[in-house]
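What follows are several structures.
Next come two complexes built around subunit A: one with subunit B, the other with subunit C.
After this line comes the complex of A and B, so read on.
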């Protein structure tokens, strides 16, 4: 090992005049550009310039690595990290579309929606909508893939989103048609094309994702392809929620789902119930009983809070 | 053990990083551990299991916060939401000091989630000092900046890494989280003598020391935190303790995490350098 630092040998005349902001924009653009299919850094930048020239404009080589190769280490590290994070959060989506299609899907999604948050937790926040809009990335089982993306993102939210003090039984009994309510922030409402909740539970079990003490303990994301059984399409309305720190999927009827959605979007209780029964085949005479049952459940789970 | 104003004069001994695979062991066996370092970002959520578990840990152990996304060297200002959440967590953990890295990683609101190296320029010194001061004032606790492992050097650099670190911490009047494994990794990747770095670091500002293992590739070394500490890194640690005095020390192990006992045993090897008779051992390690 030589005792001198590389930096001190760089003659001042070779020093780049690039300021810090320009350097960071240039380096981030190179680092966040997708890799080639062979997982190398691309020879050209998004604007068509040569990556070799761009790298050499601000990175110094050493005796073993060129500027391009040094920048490439960061380019690879970036993609391994974000692809790994997405694969950890969406194992069921990965199983449904297949491992290699999932990688391509993730790269396309992240190229369009790079992380905008200080935490990787939020990396998949736009994935459900993105998957729905990109059937070319999901293949034959598009609607099931959309279901999986929605469910797995709902899991992330339900796992650690805020919890408000729920209304007490007494306050619930005193509610009026014009009462304004807030839903528990961790409660996620998800409408599915398939009974995909069972499949997600099964796939998460196989991935050994356990919400054991303090976190979702992820096993290493395996390279093996997981087999996914056939499912018959059937609409499912799901409340993804949290009980004693664990996430549960609770199937509810369409009317209850619609009512909760209307409450979440700001409707007063009376309007929300009207919206809930739109298109309902539940006879008028039985509706009051059903609503009473829902309120019993909501009180038990602490789903509704003051508006 | 004597502290300094950068670690709130704490006598923390040897800690390990708190990691999810070890929770069960910690809660069922209640092992004696001097302290745990947590990754702040893992607990900057609103509620749920991460915070409930952290509260259980806080009931029994001392916790120090370590962040990975403050990016003191980024030109774009930090997200106010990030700062607010970090401060809430500081109130919760009562961490005596807090650390994050001397690096950048986000620009114009896009995050790489990596610890990217800075060019060692006067402009970067100024920018970083401003950010460290701002974060320290806002959080109202001592902040320590950690030297990172790097794989690239910049043509525009105007000083060595240790000169850059010294300029930043002195002007910002902050502490240092001195990572001796990162010194070793960077020395290999940039072809300098790691002892030059250890000998130059302002010893009176070292709040904490990190030790870790890494992965060696054909042409470079990656800081992967997935191996035991190697002997040359223990030697750098010995020299650092000789210069800084007994200092709160933490073993980082983030990947291929072995059992709690194995990680703890590896960390406790640091104790032989921290004991009163350490000086002789330091000599022996040379």
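After this line comes the complex of A and C, so read on.
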């Protein structure tokens, strides 16, 4: 091979950046691969290569640890961290499905939806839909588990999602039937199969009490199984929002929920009002009063913004 | 008929928005702690422990600090997780932690 053949056409800086990106992908694939049941690093990578060989390709051993063992520490810490973060965000779901099922559910979910964000805040963003699609991970109380996942994720969003400027009096005066409105990003609309909102709040209160008594959450209390009372199924429509930097669960009627959902999905004001009363048993003579009351409350909470 | 009803509902919605907006503006101009009490009364069930100041500083509740070195990362998340036993905490070169820091 001539010396000329070794000269790459790629500039050195770009080449090293590509090498770095490849190295990062390799490292991430190894670190994010689920552990064995004994919490060790798997001997083979997802593509069938030996993990020992992969680790040796970019990690040097030292006098105490092999390359595999050094990589294994990162692999374990990634999983302990993301599992801990998920358990911290979904204590009520954990209580409903049970500790061991929750652990298995978390591993399966995170294997499918690994951390993709700079913040672990977003880790559970796909969990409600994932739980709904995987009844094999939730057991007998599947629908309650789905409710819990939805409620707990709604809390995360309501807690720190953006807040836009609400509608001003001047903009309200200019509104018409074809006007488009926007809801506050922090306002979460959740339809439930069970009256699970008060249960979630109670479970979180217990979790908080246990945590403050134990000093540190989860590590100390994870062995304890929280008892969950039986609930009768009953449809509940909920607005999860925040007031004065605190999160609230506000029950609303189906028609109110449907109107808000229509606004959020981009319907014009007049269309949203029609959509709100689809299937409604509220007499037509009473609808105007209800609408006035709902929109008054929404404006008072600052939920409605300009489109 | 349907259009007539929709027009009535639209008027009601606009009246509600104007009224609620005026209440919110009045509450915002008040400095007393009770100014927002009516709004809080209507807000629903308060999620205990969701107060921002508490959560932000203690890292409990929500994840402002997650992944940023706060919260449980003082020991790099190793607390109670026996993987590091005999390997010196979470150091990845296998060295022992010093006896005291």
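One rule holds in what follows: the second predicted complex is superposed on the first by the 265 of 307 C-alpha atoms of A that agree within 3 Å, B and C clash if a C-alpha of one lies under 4 Å from a C-alpha of the other, contacts with A are read in each partner's own complex, and residues count from 1 in each chain.
To be clear about the criterion, a residue touches a chain if its C-beta (ideal position, glycine included) is under 8 Å from a C-beta of that chain, and two chains touch if they have at least 3 such contacts.
Just so it is clear, the structure is predicted and the values come from calculations on it, not from any experiment.
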Partner chain in contact with A:249 - subunit B first, subunit C second, else both or neither: second
First (subunit B), second (subunit C), both or neither touched by A:227: neither
A:296 touches, of subunit B and subunit C: first, second, both or neither? second
Contacts of A:165 with subunit B and subunit C, given as first, second, both or neither: neither
Touching partner for A:89 - first (subunit B), second (subunit C), both, neither: second
Partner chain(s) touched by A:204 [first = subunit B, second = subunit C, both, neither]: second
First (subunit B), second (subunit C), both or neither touched by A:62: both
Which superposed partner A:77 touches (first subunit B, second subunit C, both, neither): both
Partner chain in contact with A:121 - subunit B first, subunit C second, else both or neither: both
Subunit B and subunit C contact sites that coincide on subunit A, given as residue numbers: 62-65, 69-70, 73-74, 77, 81, 85, 118-121, 159-160, 211, 216-217, 242, 245-246
In the complex with subunit A, residue positions of subunit B that touch it: 20-21, 23-24, 27, 41-42, 44-54, 69, 73-75, 78-79, 82, 104, 106-114, 116, 118-121, 123-124, 127, 151-161, 187-193, 196, 219-220, 222
Residues of subunit A that touch subunit B when the two form their complex: 1-8, 10, 14-21, 23-25, 27-28, 31-32, 57-60, 62-65, 67, 69-71, 73-74, 77-78, 81-82, 85, 114-121, 159-163, 185-186, 211-217, 242, 245-246
Subunit A contact footprint on subunit C (complex, rising order): 2, 5-25, 27, 36, 39-40, 42-53, 55, 60-64, 66-68, 72, 76-81, 83-84, 87, 90, 92-95
Subunit A - residues contacting subunit C, complex: 39, 62-65, 69-70, 73-74, 76-77, 80-81, 84-85, 88-89, 118-121, 155-156, 159-160, 166-169, 172-173, 175-177, 197-198, 201, 204-205, 208, 211, 216-217, 219-220, 239, 241-251, 269-270, 273-274, 284, 287-289, 291-302, 304
